[in-house]
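Take a look at these structures.
What follows is a pair of complexes built around chain A, which joins chain B in one and chain C in the other.
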Partner chain A sequence: MSTIWQSLELLITRGLPMTLLLTLGLLGTGLLLGFPLAFLQVYGYRPVRWLCRGYEQLFRGVPALVLILIFHSGLSRTFDILLPAFASALLALGLRSSAYQSQIFRGAIQSVGEGQMLAARSVGMSKTQAIRHIILPQAFRLSIPPWTNEFSSVLKDTSLASAIGVLELMKQTTLIFTRIQFIHGAQWILVILMLAALIYWALTYLGNVGLSFLESRMRIPGFETKGQVER
Partner chain B sequence: MKKASLAILVLTLVAGLWTVAAVGETYKVASDTTWPPFEWSDAEGNLLGFDLDVMRCIGVLQGFEIDISSYDWEIIFDDVGSGRMDIGASGATIRPDREEKVDFSAPYWTSDQAILVRADSELNIITALAGGYTVGAQLETTGAGFITDLIAAGINVTLVEYTLYPLAVLDLINGNIDAVIQDEPASVASATAEEDISVAGVIKTDENFGFFVAEGDPKGLLALINDGVAQLKALGVYDNLIAAYMGTDLVKVEAAWRASIGLLDDGDVVGFASQLATLANE
Partner chain C sequence: MDTRQHHNLGDVVLRVEGVHKTYGDNHVLRGVSLQMRRGETKVVIGPSGTGKSTLLRCINQLTVPDQGRVWLGDCEITSRKEDINCARAQIGFVFQSFNLFTHLTALHNVRIAPMKVSRMTKAEATKLAMTELERVGLADKAEAYPAELSGGQQQRVSIARALAMSPKLILFDEPTSALDPELIGEVLEVMVSLAKEGMTMLVVSHEMGFARAVADEIIFMEGGGILEQGPPEQLFRNPEHARTGEFLNKITELYGE
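== the complex of A and B ==
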């Protein structure tokens, strides 16, 4: 029993902080890039739109682990760019998340009726003003539920960073079960993996509860998004 | 927007981490810390083991700091070779194909390969390797290379490779493979921990372990390391570290290490090694 508590403590003190930092960093990077990308994809000039679409297709089309290895080993081999392992993981997974998040926001923007943009323009707002005051507040609310999904998936993607030696939850799990199987035997590997699974599950659950709370706080009673303008 | 400022905060943090990684005369040591008694992580997350303590002692003698990172074995030669990490200390056999990527120190340890089988198995070292059975090994290790050579020589044996050595042992216990080939000290450590497996025999390969640095040794570390090992041998520290780590109980060594590491922090290399050896063998 004490072995379980000791391992749990080690997972939480020596693995969890890096997993949380990576998750926040990834979601932050993704948000920072994903939001403008979405707007450019909807409202940008045609070449800009193509460019954003290409970026999004590229980063959504390559497996996360391949991206991590490209940023870590590929760049150093080919261009002599030596990113620390943490930075490689943050960049690779962050850019990937920005591509996914851009699609979440694009969907949200496009589900705000086009009539709203026309109405805003007709009362004298500029396009930027209309986006800022009419489209954005509605799109933001609509994007929370799918964004919850992205959070859940990104949180667990951070475990891939263990492949390049970032000491996060999964790497710490490996170190613990290695030691334990040398001391208490191999049946402990399953126990330690279950502990890691429990922590990932709890984090996902807590994050989802928090985001649902945000969703309900932001909800505007009686508000509906309907009404498409026929062209 | 709060979220944007959070993201900026995170990005600043990353920039901060970058600068920390870029400056400082501390040498970065890479080690696959899943391989007792040479390197592993204890119950409190401290990294210890024969290789790591030899490096720590050399650092004290030669006046440099080291920062040890847990690494995956498959990328350790790449990352030391590219200069991302300064020193590799990971029970690495000196081998020509590895010398294309990295430069090795003078040999500091000689090892042989051992064959692990299930305790109830009737296989011996010959039948396990030549009787058409399946043998597990860690990826990119000399043990895996040994089996590959056997296959190339036309011997009837199948190789299964694992990213981590303990996973090969697990598969052996579960009955998915028939034997595991690995360096002798790690094999003995496994057989001591698990009553279900035993060492079938040892193959005298006389492999030499070396510490390694990027090719061409751009930071001039090999001279410091080689001279450091020689000093440790002259001081009797080396023998004490061997006595502490080889063939002793891992839990006991961990307790001894935690009780003694303060001496090394104070610069007392000789005192550290002798206390470690005494406590580990009590």
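== the complex of A and C ==
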């Protein structure tokens, strides 16, 4: 029993912080790039739209692990650009998340009715004012439910960073079970993996609880995403 | 009682000259010209697809006309040099589908343009918005979101939103045609009182009761142009074109007096 507690403690103190940092970093990078990308895709001039679309297709079309290896081993071996493992993972997965998030926001922007833009312009707002005061606040509310999906998948994608040696939860897990199986036997591999699974599950759960709290705090009549049918 | 003659002395608020608009092969507007003096109310009628809504949108440049000019007072707003946002701020627009800002309460819907476009302080804009909501009889709904209001109430808020910018004229694009019959009256009532207060209004509508009560002129459009225009009584009793009389009879039958 004490082996389990010790392992859990090790996972939480030496793996979890990096997983959390990476998750926040990825969501932040994705948000920072994804929001402008979405607006440019909807409101930008044609060449800009094409460029954003190309970016989005590229990063959504390549597996996460391939991207991580390109940014780490690929760049360092070919161009002598040696990025620290953490930076490579952040860049690869962050750019990828921005591509996915841009699609979430694009969908949200486009589901704000065109009458909203017309009305905003008709009272004398500039296009920028209309986007900022009318379109954005509505698009933001509409994007929370699909964004929870992106949160869940980004959180778990951080485990791929273990492939290039970032010491996060998954890397710590493999370190523990490779050692522990020689001391206590191979059946411990499953136990340690289950512990890691439990931590990932708990994080996802807590994150989603937080996001649905945000969603309910921001709820406004007319923005219900659930149909209310009593029976 | 009838103050309509008196209105005709006002200055020209709006002048539209030879406006054309084409969508693909569809020549929607074929050289429309009209003029509005301060305090006048004109009602535009005509079969569907004849360019009535396009005409309104070409006036405040939500749709850019292919040809022709539009003046607001002395300013040519079709000119590239003119700041279109500034011109639009002086032209109210009331949509068929209301288009209230969904995420804002009635009060915030009315005060956002005075705050963001006219740069009023929040306190000033709030006071103004309350006054305009009172004017349309909805002060008690200030905190309600659009989804909590009936269609008629939403349209009245949208009229208050237009009024809050102290517009030189208001364009109404079929303001009652998306409403249930029992809600039309409350919107028309507000519009009648505006007309009587001397607001300049160009209204696309087939509500002939409204037109007969307050319109200085009815404009009959067909095939992308103005076929005939004149005071309501003249058009009803003695239309120049048989087609005008025919159409008036038809809509009077459909919509009642």
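Simple rule for what comes next: the second predicted complex is superposed on the first by the 221 of 231 C-alpha atoms of A that agree within 3 Å, B and C clash if a C-alpha of one lies under 4 Å from a C-alpha of the other, contacts with A are read in each partner's own complex, and residues count from 1 in each chain.
Criterion: a contact is a pair of C-beta atoms (placed from the backbone, for glycine too) under 8 Å apart; a residue touches a chain by one contact, two chains touch by 3 or more.
Keep in mind it's a predicted model, so treat the numbers as computed, not measured.
After overlaying the two complexes on the shared chain, residue contacts for A:P145 are found with neither chain B nor chain C. By the touch criterion defined above, A:G185 reaches chain B but does not reach chain C. Judged by the touch definition given at the top, the superposed model places A:I164 against chain B, while chain C stays out of reach. In the overlay built on the shared chain, the residue A:P17 is in contact with neither chain B nor chain C. Look at A:G54: by the touch rule set out above, it reaches neither chain B nor chain C. Look at A:A87: by the touch rule set out above, it reaches chain B but stays clear of chain C. Looking at the shared chain after the overlay, A:P63 reaches neither chain B nor chain C. Comparing the two interfaces of chain A, the one with chain B and the one with chain C have no residue in common. By the touch criterion given at the top, residues 60, 62, 85-86, 88-93, 95, 97, 99-103, 112-113, 116-117, 145-148, 158, 161-162, 165 of chain C touch chain A in their complex.
Listing the residues of chain A that touch chain C in their complex gives 113, 115-116, 118-126, 129, 133-134, 137-138, 141, 220-223. Residues of chain B that touch chain A in their complex: 3-4, 6-11, 13-14, 17-18, 21, 30, 33-34, 36, 40-45, 69-72, 75, 78-79, 82-84, 164-166, 169-170, 173, 189-190, 193-194, 250-251. For chain A in complex with chain B, the residues that touch the partner chain are 6-7, 10, 13-14, 21, 24-25, 28-29, 31-32, 72-73, 76-77, 80, 82, 84-87, 90, 162-165, 167, 171-172, 174-179, 181-186, 189.
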